[in-house]
Each structure stands twice: as structure tokens, then as C-alpha cells.
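Below, each structure is written out as C-alpha cells.
Next come two complexes, and both contain subunit A; in the first it sits with subunit B, in the second with subunit C.
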Partner chain A sequence: MYKRAYGIIETLAPLHVGASAGEETGNLNLIFRDQFTQTGVIPGSSIRGRFRADMRQDEGDSFASRWYGHHVVEGVRDGGTTEALVKFEYASLLWLPVFCPGQPVVWITCPWLLKRYQQIAGISEPLPKPYTAPKTLQGRQVGTNRKILFFNLGFMEIEHEADLSPWIPAGAPNLKSDNLLVVADNDIAMLHDMALYRQSRVKLLDEMKKVDTDKGAFFNVEALPESSVMVFPIALKETGWKPFGDDATQELYFGGLESIGFGRCRVTLAGAYN
Partner chain B sequence: MAWNSYGLDREAQRLVLAAKQRDEKSLNQSYKMRMAVAYGLERFWGEHLRLQGKEQTKSDYWKETWDALVKVMAQAGVTLPNVSVRSDNTKAIQSMSEQLWQLSLQDQRIAMAVLTQLCDCIVWWTQRYKA
Partner chain C sequence: MTVIPDAAKKVPLMFRAQTSGRCQLQRLVKGQEPDAVLWADEWTDKTYPEAPVFDAEVQTRSYTLSWRFVTNSGQDDGVIRPVIGAKGYPFYPGSSMKGIFRRACTAEQAARYCGKPLSGGDYEPGLLRFHGGYPIDTSWTEHLVDIVHPQQDWQVKNDNKNAGAFVQISLYRPTLQFGISSTIPLEPQEWETIWSIWEKAFSTGIGCRVCAGYGQPENQAGDLLYKCRLKGQGQAAKLLDGTGEFRPNVFRAAIRGHALRIFGGLTDERTADRLIDQLFGSAMDKGTVGLLSLNFRPLKLEIATFGKGSYSQPTYEVEGELIWHLTQKLNPDKREALTKLIAALTRFAMLLGGFGKSWRRADHRLFLPDYYDEDYKPLIGCHWQWAGERSLAIDVKVRKLDKVGEFINEVRQAAQIWMQVQGVAPTSDRRAPWRESWHPDNVQVWGRVAEEAEDSEAIHWLHGPYQDAVPSARISEGSIYDTHITGKVGQIGRIWHRMYPVVRLKPPENPGSKPQPVLTRKYLELLTFFPDDSLESKEFLQYLSAQADRARGFQKLWS
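Coming up: the complex of A and B.
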């Protein structure tokens, strides 16, 4: 049997995992997304690549190959590859911070994303309904029993009140239990687009602070904002996997655009991982 | 319906097309509107008075945009003042300004965020329709 573990990622900087170059051929620097909720993901291969590269650097190639599988060797039968002892799945969003005018940042999620976390982390709590928020969420009281939350593209009516703190994973210390909101599966894509870190940037000439018009001066970036919380499952064939030594938490870099300040994350492992 | 869109893009397109029909030159106000938002609701609202009579089509553009914001915010239950004022009526200006300053801080912030977004949409549509 495989040992089940999982990882929680909290972004400490904007995170861009997607195809990063080639705007002139139609790529707009878009991040990878989940096909159902249209929210940002980190593919399992990217997570694996980061863990593998860090282990290779610290403990050498043969050690890394044992855990993460041997790479292809030319001339050897079947390429000489081996099965990895540790397997990663993609990381999906769990909580995403959104700007709300007139009040603190609110972290949103939806039942679909919560269900995945529920399965990964083995949570027995029933799934909250869409439009659920804790009683303590700041919002505008309308009439006797209704509460409204404003965003910059629309507003939302809170329909249910519940304590959502069981859905805050260890490894996400920035999350505040007062500022959580579950929206509907149909709303999350639009709210996600509203919440993304987006910028138009320019490439400058090497010797001059002038826009490099020859090399396609403008490019757009899209990234998950900092303080986003993601979750990914891990399966282990053997015990003894200690990617962070004796700690459960370490800072890792994921995705591209590190050079412009993206990708720093705090990863916390949980479950039977060592 | 738990999620309600303000429908800002549609509103913005309507405003831009109306301004273009009145006076193509008034479209340049779009960028000025976007910049003025940062200085607060009072300045944004007051700008149509400065242009009143002198450059009436530009004044109309500012006022129509304010009217649109008032309409949008009303859907969400935020009431913004919108009194018809002439630039030579100091008392009326004073009274309208006071109503604006009296808005709660939260309402001001919400209105500013929505107005920022509306102006972003207006600038986008202006780019599309400018000759």
C-alpha cells in the first residue's frame, strides 16, 4: 500500500506556473488552470521537479534518482528509467485572497475545491454550502437578516453562516478565520480572474532605460497573488522520505519568473510522509 | 442570486458611445476621469461643474458617468447623492459636497473601488472607438 501524505503551499510572493515566453506567438503569459473551476494549479511535474532538483543539489544525483525515478539513459534497455518512490499530484487552490473595498482582504474558496482538500486531508467535516461565511465576517447588514459583501466588479449576498476554521490547514498561518468565504463553483472562475496578480511589463534595452521595441516591448504577466493557499497529494511507496530534513516546513520556489520576484512559497508536509 | 454583477463594462460602453456621438473630442476626458478617481468622489463629481457652460459636451460626459455610478451603487444598496447643481449656485454646491463628505468611510471606499473599475472600462472602450 502507498503511504498517503499531502503538502500545503502558501505563496509568499506572486506565483506564476505556466508557459512564460512567446507572447508574439499568442501566449499571454497565462498560468495553468484547473479545467473545472478555471482556477490556478501547479502541475504535479512542477512540484516533483522542484523537490527533485533540491534533493539532487543537497544529496546527490543517485539519491534523488532513487526517490524520484531514474532519468533516461541512452543505449540502456528501456531507457534505464525506474519508478519513483514518491508521487505527486497537481496542487489545487484552497483559499484565494480577494480585494474587498472598505474591508480587510477576504479569502475565498468553493465546494469543488474544498471537496478535493477534504479527500486529500481526510477531513470528516461536511462541505459548507455556497455563500457561507463565518458570523464574524465584516459585511454590510441589509434589512434584518441579510449581509452583503462588496467586490470591485459586483456584490455578493451571504446566505449561510458557519465556522469555517476546520478548513484552515496547518501551514497557512496568514489565513484569518474571520475573513473566509465559500462561493459557488460557478462564481469562482470569475472571482479568481478578479483576484489574480496582473501587470503589463516592458523589456528595457541593456544599456539604456528605454523600451526595447525590437524584442516585443510589452508583455503581460498573470500570477496567483501572495497568501494564496494550495494543496497537493503525495503518495509514497517507502518510508524515510525526508525532503526537509527533520522539519515539516520549508521555503521552496515554484514556477517561472523567479528573477522578477515570483515563486517563493512555504511548503508544509502532513500525513505519513516519513 | 448570491452573486450580482455591477455590469460595469456595459455601462462603460454606453457612456463612451454617447460621448462620441455628442462630441468626438470629449472622449479625451476618459483618461482624466481615471486619474481623478484617486483624488476622491468630491473631485470627480465636481469636475462637471468646472466645464459647465464652457465645454458643455465634456461636462455632460463627467455628469453622465457620475449618474451611471449612482445607478450602479443603488443596485447594491449604497446611496450616493446626486443633486442637480449649477456652477453659479454656491449654496447648492456646498450642500452636495457636504452630502458626499458625510458618506461613511466604508461606502466611500466601495464607491471609489467601483468607480475605478468603471473608469478602467471606460478607458478600454475609448481606445476601441477613438477615431
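Coming up: the complex of A and C.
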């Protein structure tokens, strides 16, 4: 049977895994989103590509082909491809930091996203209810004993208090256990939009620091913010897969715009990967 | 459903529409706390206290900026505010960093570090990743609200105030840490090359409004045109929270204004405006990048307060280097003409006026100390002088009264040479119809030697009659006090009063060495007057002419 493992990704810089051209709206380069929660994902193919490329660079093509499958060979029957020994699924969000003036940075998630993590990591803890936060979360006090946070969808009242630290994976050291919040599945898409990193970019003239108005190149890009935490499942047909040598953690780049500082992530492996 | 009393009023300003009654960041309303101040307070209140840290593999360097720094995020309509990253931290984007880095590269370097196009529309990525720049500590949360107050037309041309004060949000003297990493390991030597390219890119300033002194590094390495050292005292700009700030853009504003006056006396209005836009930049039409960019590097800076009660004003005492850079490539002829022009304009500003608030007046604290015997008096004037041996020797072009006229002609000459290399013929018969066009028909410069600071004569005319009535001799009182000649709050006068310190050159002690500049107690007391056809103007000119023959009276030096 397959060995079950998983990876935790903490973004150390904005992460932009672009949607296909057809999903772009206007001049905003959207990130690829999961169809249920409308939150950003890294497709399994992107994760596999990064692992494979790094192994090929460090240990050679044949080693990489063994683990990730042989590439097509011209003239060989069936293309000469082989099945990969290690398989990846897409990475979904687990915790997403939201900044709003006047309140601390709050990392949010929702039951749907937590459930996926619960299944991947084999967590026995029951799922927290929507609008749950730890007692130590700093919100705005309204009236007596009512704690409120503001988001782009309006004011949200914290309804339940619980210790959410069992839902913090190893490999997310930047996450603050006091600043966690579970929202409802229906809220997450809109809060995700508020949390996204958005940047307007323009093309300047080559010879002078002035907007290239003739070409009119003006575009926006969106990305998951730094300190987002994501999880992805890994299945292994064989043991002995050591993509990071003897370490469980390594920095990897995912997605686009690497040359302008996007995509830097810390990946931590867990489960029976070795 | 949660019911919150007055919920709409509790929404952070960052999430409110830019409209009246909701949030108007750029607008200042008298007697109200500006939205920009609240906005900035809300923003920084709970912003993550720790600056982002780059990974060990990322090479980093930190640089401090000499004054303010602004990058427009483009997020809000009608207001300039920084790019705000994750957890509320402001930063300089990697994309901007890559953009200026590429421009500082040779073609070969650009291809290796930043990528190059391949055939078939494909693109090969470069080696480097630009991670952007972040403030290294939380001091960026102070002094964020910045006021910009365009007043060129009002100062030079006519009495129309066509724009008020605007708010922008900028970081005050931040130290930023920048990160660059490579997709392949590089030798330390190559990293040195990379950082030297970055420093070259950085030296012309980062972010926007660099030509006005924003985003300039403390240590300059750009294409230097002219540099001088000066010191001054006067009224500091008041920020919205009442604190004082010395703002280096006063130099640029003053010198841009003088350039406009000089060109306005040499050619018609449209051509003068065009020449100025070319030198200093403009946001009109598709925008023009100016040839000149300014940096002021303060060596000493003290902010204090002066006056009591409602007259209390923040003040500055500053000494530093004023540096003009060239922002683009120019052929050697033009470059030489421009160097002479900017040096001439800077010296012109120093000779006849000052910089910043109340620049048309000599500092009353120095030249009319009695004025402050009563406590409740407004602070008037500013005082500037050259500093450092080099500037005292080279930039002081006027050491004697009779040199003033000659110097002004040299400034006009420098402007005409610049016009010629630009292919513009001077047409001084068609001068610009502005109040302060610098044309012999429109302005007169008068002067005398004051033996010491308190020997200023004209300063009294700003507060009383210049001539007492002598009924027996049928002489009526002459006064410009409290008229449109001297001006008042909200109306610019027609007279500049300047006490220019006399710097003597001591002959060298040994043959072959240079003469040494020596500061004296004397001043050239200079009056620049733009007469109109009012009775006050005529009488005042008559008075000046009549007393010109007296010992130590004002002489007409230029018109």
C-alpha cells in the first residue's frame, strides 16, 4: 500500500501561482483557486515540478526519473514513460493571515479547509465550529463579553472560545497561536480576497523613469501573502525518498515572479515519507 | 446577527470609500483632525511589530534615506500612499527594485542578471531574484503624514492660489534592508559587482518624487552636476500634528521659482514654462521627467520652537550639502550649460532671498531683535549663508555691492546659453506677464552695505514709515507698511529683503596657496522690488532715488 506523507508550506514571500489566461479578469493576474472555497492553491503539478527539478539538478536526471517518472522518449513504444514512485496532490490553504487596521494580524481558516488537513495529517481532534477563536485573541470589546473583529464583509462576532493550537502544524513557526480564528465556509472566499497581496505594476520607459504611456502597460497581480500556511498530501510507493537529504525542511520556490521576490516558501515534510 | 451601535463609524478608514463623510485622505478641513492622521494611526496601531527577515541565502544590505520615501501603491484614488505588504508592513517592491537595477546594468549584465528575450517571443529568466526592501525597525510608524503644497503660480505669477495643501503618506528617513538572491551560487566577487550595480541604481533615488528629494540615499554616487554647502535658520514646516520638519524640497521649490522668474524675463510665458518643465519635470500631458534631481544631506539639524501662544512656531537650524544630479544623458555642451545654469540659480537664490517659509524676509531674530521685546510676535524671515571653505570661496560670487548687477547679468547669461543649446531664441521683448518676471522693466535691485546685523535699515520699513512726515517742509509720511507692497498673510508682497553676509577673501600668506575666505560682520542689505503703477510704488522709488546719494543709502544695483 502507499505510504502516506504530507508537506506543510509556509510562504515567506508573496506566492503567485497564476490562473490560466482564460480566468484573468481585465488586467488583474489572478491566482489559481480551489473550486469549493475559492481560496488559492498550488496545483500538484507545480509541486511535483519543483521537487523533480531540484532533484534533477542535485542528483541527476536518472535519479529524478526514478522517483518522479521517466519523461517521454522519442521513438519508444508508449513513450517510455514510467509511473512516479512519489505522488503529489494540490496544496490547499490551512491558515491565511489577514491584516486589518486597528486589529492584530489574524490567521483565518474554515471548517472545510481544516477538514482536509485533518484527513491528510490524521488528526483526531474534532473540527472546531465556525467563529471560534482562542480566549487570548485580541478583538474589539463590544458590550460585555462580546468580542468583535472587522473584516471586509463587516463585523464578525467571536461565538466560541477554544484552544486551536492542535491545528498548528509543525513547520509553521511564524503562526501566532493567540491570533487564530475559524470562520464559516461561506465567509472564507471573501476574507481571502481581503487578505490577498495585490500589487499594481507599470512598465517604465527603458531610458527614463517614466511610465511607458504609449504601450500603456499597466497591470495588477495578486498573490497569497507571506506567512500563509498550506498543506499537501504525498503518496509514496517506496520508502527512501529524501528530497531534502537528512532534513525535513527546506526552502523552495513555487509559482511565478520569482525574479521579483515572489514564491519563496519553507516546506516541511511529515508522515512516512522517508 | 451581531448588532453593533454606529457600526459604520467603526469601520477602519482603509476600508471606507474616498468620499465626503466617509474618508477623504487627501483633504484638509480647518479645525478637524484630518482623516489622513486617523488613517495612519489606525494603520500602525496593531501592525506587526517585527520586520520581515530574509533567509540566510538572501544577500542583504541596508541603506538609510536622507529624507522622506514614498512609493505609490496606486490603491487609493487621489492620494499617494505606500505599498503595504503582508501584516501591514510598508515596503519597496521587488519589481521596482528589479526595474531600476536593470536600468543600471550594461546590456550584458542585464541579460545575465535580469533575463533576456529569446527568438520566437520566448524569454530566458535572469539569475537574480529581487526580494524588495523593508524598514528594519518600527521607527517607520512615526511622521507618516506628509503635506505637499504646490504654490508656484502664487509665488511667481499672480495671486491665484489654484491648489491647496494635499496629503500624502510617506516614510520619514527610513533605513531599509534590501534582499537579492541568485538561482545559482555566485562568487563573493560577483556579489560585489551586483551590489555595486544596485548602489548605482539606488543612487538616483528610489520610489517616486525623487527629483524633489524623496527617496534619496544618504550617501550619493549619482551623476553630480553641482554641490554646495550652506546653512540656515527659519520657520520649519508644520506637520498636521503640529511638529516641525525641515523639508529639503524647499530648495527645489525656491530654485524652480527663480528659474521661472529668470526665463519669464527672457522669453514668453509658454516657452518659459516649457523650459522649466524640461529642467524640473512636470506631470502635465504625458509627463516630463526633469533633467535635475535634488538631494539635501543634512550635516546638522535642530528643530526647536519659537514664540508664545498662538504665535508659537517650529523652527529649524540646519547645515548641509545641497546636491544637484543629472537624471539623464546629455551631450557635453548641454551638460556644461546646465551645470552653469544650476550653479547660477542656486547662487541667485542665496544672494537675493532664502528658502522655505517667509523666504522674502531677513530673519527678524537676527536683524531686528527689538521686535521680539514683546513676547507675542510672529516669527518673520529666514537667514541663509554659505558654509564650508569650498562654498565660501567658490559660491560667493558677490563680495562687494557693485558686483551684484554684474552677477545678475551672469545668471541671465547662463539662462540664455541654456536656451541657445536648446534651440530657443531669447525674446526679452516678449516677456511673461507675471508679477515677478525677471526683466529690467519689471524688477529693480537696490542695495547698501550694513556694518553689522543690527544696521539693517529696510527692515524697519516693514513695520513703520520709511519717511516721517515733516509738516514744516511739506513732506508727508512715506510708508509701505501694511500695503500690498509688503504683502500680508494670504497676499504676496512685491519686495524681497535680504541680508547677505559679506565674505572676504584673505590674500594667501604663502605665494602659490589659495586665498582664504573670512566671514565678516558686514552684510549686503539687498532689496528686490517689483514695482507696479500704484502710488505707493512710485513714492517708494522716489524715496529710494532721493536718498541714494547719502552716505550708506541704498544704491540702485540692477534694473
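Basically, the second predicted complex is superposed on the first by the 259 of 274 C-alpha atoms of A that agree within 3 Å, B and C clash if a C-alpha of one lies under 4 Å from a C-alpha of the other, contacts with A are read in each partner's own complex, and residues count from 1 in each chain.
In the analysis below, a contact is a pair of C-beta atoms (placed from the backbone, for glycine too) under 8 Å apart; a residue touches a chain by one contact, two chains touch by 3 or more.
Given the structure is predicted, the values throughout are model-derived calculations rather than measurements.
Asker: Consider subunit A as the common anchor and indicate whether subunit B and subunit C clash or fit when overlaid.
Answerer: Superposition check on subunit A flags a clash between subunit B and subunit C.
Asker: Of the two partners subunit B and subunit C, which one touches more residues belonging to subunit A?
Answerer: Higher number of touched subunit A residues: C.
Asker: Tell me which partner A:Pro130 touches in the superposition: subunit B (first), subunit C (second), both or neither.
Answerer: Only subunit B; A:Pro130 stays clear of subunit C.
Asker: One more residue to check, A:Asn152. First (subunit B), second (subunit C), both or neither?
Answerer: A:Asn152 contacts both subunit B and subunit C.
Asker: Examine A:Val183 and indicate which partner it touches, taking first as subunit B and second as subunit C; both and neither are also allowed.
Answerer: A:Val183: touches subunit B, not subunit C.
Asker: Just checking: does A:Pro101 make contact with subunit B only, subunit C only, both, or neither of them? Give me first, second, both or neither.
Answerer: The answer is both, since A:Pro101 touches subunit B and subunit C.
Asker: Figure out whether A:Glu251 sits in contact with subunit B (first) or subunit C (second), or with both, or with neither.
Answerer: In the superposed model, A:Glu251 contacts subunit C only, not subunit B.
Asker: Could you say whether A:Val142 touches subunit B, subunit C, both of them, or neither, answering first, second, both or neither?
Answerer: In the superposition, A:Val142 touches subunit B and subunit C alike.
Asker: Once the complexes are superposed, what residues of subunit A are shared between the subunit B interface and the subunit C interface?
Answerer: 99, 101-103, 140, 142, 148, 150, 152, 154-157
Asker: So in the complex, which bits of subunit A are touching subunit C?
Answerer: It is residues 12-14, 97, 99-105, 138, 140, 142, 146, 148, 150, 152, 154-157, 197-201, 204, 206-211, 213, 225-227, 251, 253, 257-262, 264 of subunit A that touch subunit C.
Asker: For subunit A, which residues count as touching subunit B in their complex?
Answerer: Listed in rising order, the residues of subunit A that touch subunit B are 99, 101-103, 130-131, 140, 142, 148, 150, 152-159, 183-184, 187, 190.
Asker: Given the complex with subunit A, which residues does subunit B contribute to the contact?
Answerer: Those residues of subunit B that touch subunit A are 1-6, 8, 76-77, 105-110, 112-114, 116-117.
Asker: For the complex, which residues does subunit C have touching subunit A?
Answerer: Touch list, subunit C to subunit A: 2, 4, 7, 10-15, 39, 42-43, 45-48, 52, 55, 57, 73-75, 83-88, 93-95, 97-100, 103, 114-115, 125-126, 128-132, 179, 183, 204, 210, 286-289, 327-328.
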